[in-house]
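You will see chain A twice below: alongside chain B first, and alongside chain C after that.
Up next, the complex of A and B:
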């Protein structure tokens, strides 16, 4: 009898954690969808400072004022370049769509030419303004574009994170895979490794600062380090305001030309 | 001259100090630039040695704003040239903006080609070589824009006509028609008296949508380029040509046109076209008065922009077609031109290599412009370029002796 009880206790001790883990189990896709669907507010405005640091430590700084608004099935974003002086008053507008089959619409206003030019959003692998961020890195990549696999859990900076590996379904995608560390209870990516076509580590994105603003978890400071070329880009958001009711006409040709 | 400089210095002093006086800041930006060019022919003469100081003053308060853009061009062999590229006031309403004053107004989707972009006159004193913000001159105008979502109605009234600036006689860019005897110039008909009936009117409707961006425009204007009326004198005794008088004169033009740009996959497709009514052309028809005849003509373009890897490519095909053509006309019925732009950046966009070319398909001539730009630091840029004119006849071939290498250093602030 005692032996039977011992067997039952032993079995319970073995099975319970397994059952518990199975019940708690979440798929890689669900984690990435949670990050993608994390509420960020209906609109946001902020000052962005982008610092480009080369392997010698020389720093070049770009400052941008940006506005974003959710229009339901589409999101509009407009950026006004403040410095350096030779790009001042240049503006860039992007309309992105929930429909993953629809490409973004993009325009750039060049003050020297006094012209708004429509540009193709096809070159997502282009680097944004000479930084270490590609246009794809800066955009909201739809979860269905990749295959996601939960490969573990890890503590980073005191935060309990899921570790998810994502491989693009498009064989021509610029990265062979990415690995992202996502904070469990906040659905914020805290760190992301990007691997090149040879499956060597190319660059690492680290989130340096995030806060709750107007009730939304908001990333305020990131750093992208290209480990192969040893240069870095820091992005810092300041004066962040969320849900202030930005007017719809902020995202028009008129505002691109008018500037700040 | 000194009076002009004094007045200008006073203006700058007022602008610089205005903000301090009222505790408000006038935003000041601009650039200083050296531009040195040398001809590649046997003379190795300098085609240009120019020092530029370009300033922009901007200020806004509530729903009004102003901008002034004075510039200074200093040459070692010419007088200091000073002027205002733009100087205007903006009044901003909920759905409408009004801009009054000297302003550059740019329409259309074409690059480096002027089809519906005919409001701001051009400064062609150095052909098409300067930057486009320096080729296009500001024009005194009243402009009103009314906005309906992503649609815009724009109306422009230009009270006094401004013509294209042509190269000075003696300039390497000055070219004239060839005649059997030296002509006499009579500029008495060249000026357009500033008056209400001589003003110009333009209107445009434009839209920026996810599917397509487009503009539809119309205008009642003056031809920015004067028609050369040719009056010949015959010696009654010998019945030989005894004199030629050239009378440059501007004529009224009516224009209707439009442009579009859209994205198809990785390609941006652009188009622009205009119908010009009342354009005058030179003719050999013996019955034609002053050797000219008016013909309507079409000017249109198709362009495509795309990337191959990290290289950006933009190409345009342009055609000018004279309607109701006759064999006496000196111009060809069709004049075809192409443009090609290939560019690529390196070193995190600090180094840029670019090749731009106008290719005259009708006359088989071209202007080829390779250049290399390097941002030494933010706002401090070096540019090294070459302008090569090739061909036997045509707009570009006529400057075959003007091949040049040039260097620009620019500090922006």
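Up next, the complex of A and C:
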């Protein structure tokens, strides 16, 4: 009799999680799509403080004023350096395209040279301004580029999270896999682990602060820690304004030259 | 004396067994506890300011020594096959656990900063290996136009390209080297592959030297055995003389193992020293015994041993103590392996003394006196004649010896002037060895396989964005690059000049440091945005307070490196006026400082031991003049040793410098034996002619035996495959020879002429 009960309990334990997933009917892909499709507003302006900390604890801080606007098939972004003083008014403009085959267009204006130069970066695997973020980490990666698998659920910082493992369909991708913790009801990634080509943990991204601004869940503070190099990048947004209706002509070479 | 003999030699077999047991225990400990130290950094004095600084700088700028794999294709490297191989080798190195991914530089990993019509690109030279003629020619053009790569990663004749993997100091092992060699070889055809670099040179040397020594020492011992047999004319005597040497080596290394002290490369010299020194006691003891038996044919073994100990315990003890003092003086060295070398060799010398005074007598008592053939009688008188005639000649032509000595001193002093120090590792290998040839090949095609790092320190952040400082660094680079053996230099200025030119549409007029600090800062920001900033942290630190300039030099010869340093130093005032300090770093520089330290310590300890020995001799013989006369052979030996090195262009290195210790250790032994005998006979006979005749016959003979045994043994090292060991063999033999000659000629003459031990009698 006791044996029978044991068998039933055991069977239930095995079947139940499977059933519950089946009942939820949410797949890894759906979760990632929900995150991808989360509304973030049409435009945004903010003051960005970027702190780079190397393994010896040396810290460099840059402050930047940035504007972003969604133009449908492309997203435009313009950044102006405020500090350090010797790079003040250096500006950087980036147009990224939904079309995966199209590389980003990038310009830089060096006030000391009084010239705008186009720069092109080889690939999305390049690090952004010496930080621990690659261009790819900063952009929105389309869900169809990876195979997603829900591998569990976990509580982090009091938030119920899905844990999804994503493996790129492109074999040459810089990460062998990523694992992301996504808050169930908000569709915000709270933490993300990046694994290198040898499947060793390379970086961990932690979201430190997020708020609802103008009705949109907005990430305000993140920290990327490269565990292999022991290098850390902190990005903090302040004075965030969303949907203020930034003019289209804010994203031009003329504006780059004008500075702040 | 008779008391001691009775007390300690009542059960001679027990003595032998006790010594055997202790030796056996030491051997056991050695087996389980001996450890070889191969990390060269462990040899350096960790608290010396130059090393502290270099270590700090190495961490700050990720300065590591590189293993260089060169791939040569005589038809040029710009074809699909060769480029694929470069890519594959790079990828394979990246996957090796010993190597960090970011520490590999090749055409595949290099950044190409290029100017485009409307801007700047930082790109890889290739990701997918190009196939079409057009792609290949674009790549060729890109490399050709980039100073940061052309001549550095790809040779100027475009037939060779290098892949450099920087590794930590403690990573290198023979296994690792073999793996890399095997991997490189697997890519041969039509390309040729070469593997070189400082870690390989250092690692192979640290491995080859002791390995060769291990092979050669048994042969040395074998030859010494044969000569001993010939000289002592007795199997038993030879056996016990060898036991003294071997046991003292085992005790020295056994104690080292017991105390948990690892074997350093210099420690491999300990057996060499102990063999050269330890044989002496046995030869002198048995020689004395022989002569006694000759004069007293009917003596019992107990009587013979008693006489031997009575006559010899004092000189054996004196020679051992003075020799040990010579080695103990090495404790003043700042370098721990040298301290240990001195300490344990001294211990070995004292152990050899103990064995000579216990093992040899016990051996005779336990196994009987050596058997003699009748014919010896005849030979003896011949020897007597010979030594007598020799002494007579020296005395007769009394000006010859001093004049010859004076000439030798002058020539030696002149030669010593030419002695130079060399910390080169490469020059320790055969000229036609693979390592040297590969190094030469790479040096012919590229900037150089040896690195010297110049570290600039400014007190405040952002200093290395200031054009005037950057321009001063650039001037220094240009000036030093004019030296013939300096290939390339690389620093922050190279990035800035390249970017300035590229941002001005590749106009060569802009291949200079820009004039505005803001522009420098903005270029650097631009580089960070588009390139791989990791590369930047190898030339400047995070806050632009410190910078690292690397010179590639085509030789690791100390003279060459010192010339480069002198040229850099000439720019010091200019940079100091800008509040920038200059320092040096890197393994080559550390080796240079290290060698200087060893030599400085060696010279200090040599002078100190000389002083102590003169005092000891004076005390032992209760005469200051004897102390001074006794030190003459040592001083001569040392002078000649250094003089010959200067004349034959043999540089001072860690090995050759230590040899001066052996000159002292051995030279003094001969002198003591000689003076002691001279004193005894002088007091016994009171006749000067009889004294010199008997001393020459007794001690002169023993010294000649001793010297021939060791010289023959060490000449064997001339057949070593490792050049430093050959030099060692030649110099030990030379030192033995000059000590011998110095003792029986000039020192003998000085004793004779000063009338020591006869003056009092005359006064009476």
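Heads up, the rule we're going with is that the second predicted complex is superposed on the first by the 237 of 260 C-alpha atoms of A that agree within 3 Å, B and C clash if a C-alpha of one lies under 4 Å from a C-alpha of the other, contacts with A are read in each partner's own complex, and residues count from 1 in each chain.
The criterion applied here is as follows: a residue touches a chain if its C-beta (ideal position, glycine included) is under 8 Å from a C-beta of that chain, and two chains touch if they have at least 3 such contacts.
Nothing here was measured: the structure is a model prediction, and the numbers come from that model.
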Open item on the list: Please determine, from the superposition on chain A, whether chain B and chain C clash or fit.
Closed with: clash
Task: First, second, both or neither for A:209, with chain B first and chain C second - done: neither
TODO: State whether A:129 touches chain B only (first), chain C only (second), both chains, or neither.
DONE: both
Open item on the list: Looking at A:105, would you say it contacts chain B, chain C, both, or neither? Reply first, second, both or neither.
Closed with: first
- [ ] Applying the touch criterion given at the start, work out whether A:92 contacts chain B, chain C, both or neither, answering first, second, both or neither.
- [x] second
Open item on the list: In the overlaid three-chain picture, which partner chain does A:253 touch, first (chain B) or second (chain C), both, or neither?
Closed with: first
Open item on the list: With both complexes superposed on chain A, which partner does A:38 reach: first (chain B), second (chain C), both or neither?
Closed with: neither
Open item on the list: In the overlaid three-chain picture, which partner chain does A:61 touch, first (chain B) or second (chain C), both, or neither?
Closed with: first
Task: Identified clashing stretch of chain C versus chain B [5-13, 113-121 or 347-355] - done: 113-121
Task: Shared chain A contacts, counted only where both chain B and chain C touch the same residue - done: 52, 54, 60, 84, 86, 107, 112-113, 115, 117-122, 126-127, 129-130
TODO: Within their complex, state which residues of chain A touch chain B.
DONE: 52, 54, 60-61, 83-86, 88, 95, 103, 105, 107, 112-123, 126-127, 129-131, 231, 248-249, 252-254, 258
Task: Of chain B, residues touching chain A in the complex - done: 29, 31, 92, 97, 104-106, 131-133, 136, 145, 147, 149-150, 152, 206, 208, 210, 213, 261-263, 265-268, 305-307, 310, 345, 348-350, 377-379, 381, 410, 412-413
Task: Contact footprint of chain C on chain A as seen in their complex - done: 52, 54, 56, 58, 60, 81, 84, 86-87, 90, 92, 107-108, 110-113, 115, 117-122, 126-130, 198, 229
- [ ] Can you check the complex and tell me which residues of chain C touch chain A?
- [x] 60, 95, 102, 116, 118-124, 127, 462, 465, 503, 514, 516-523, 525-526, 528-530, 532-533, 537, 541-543
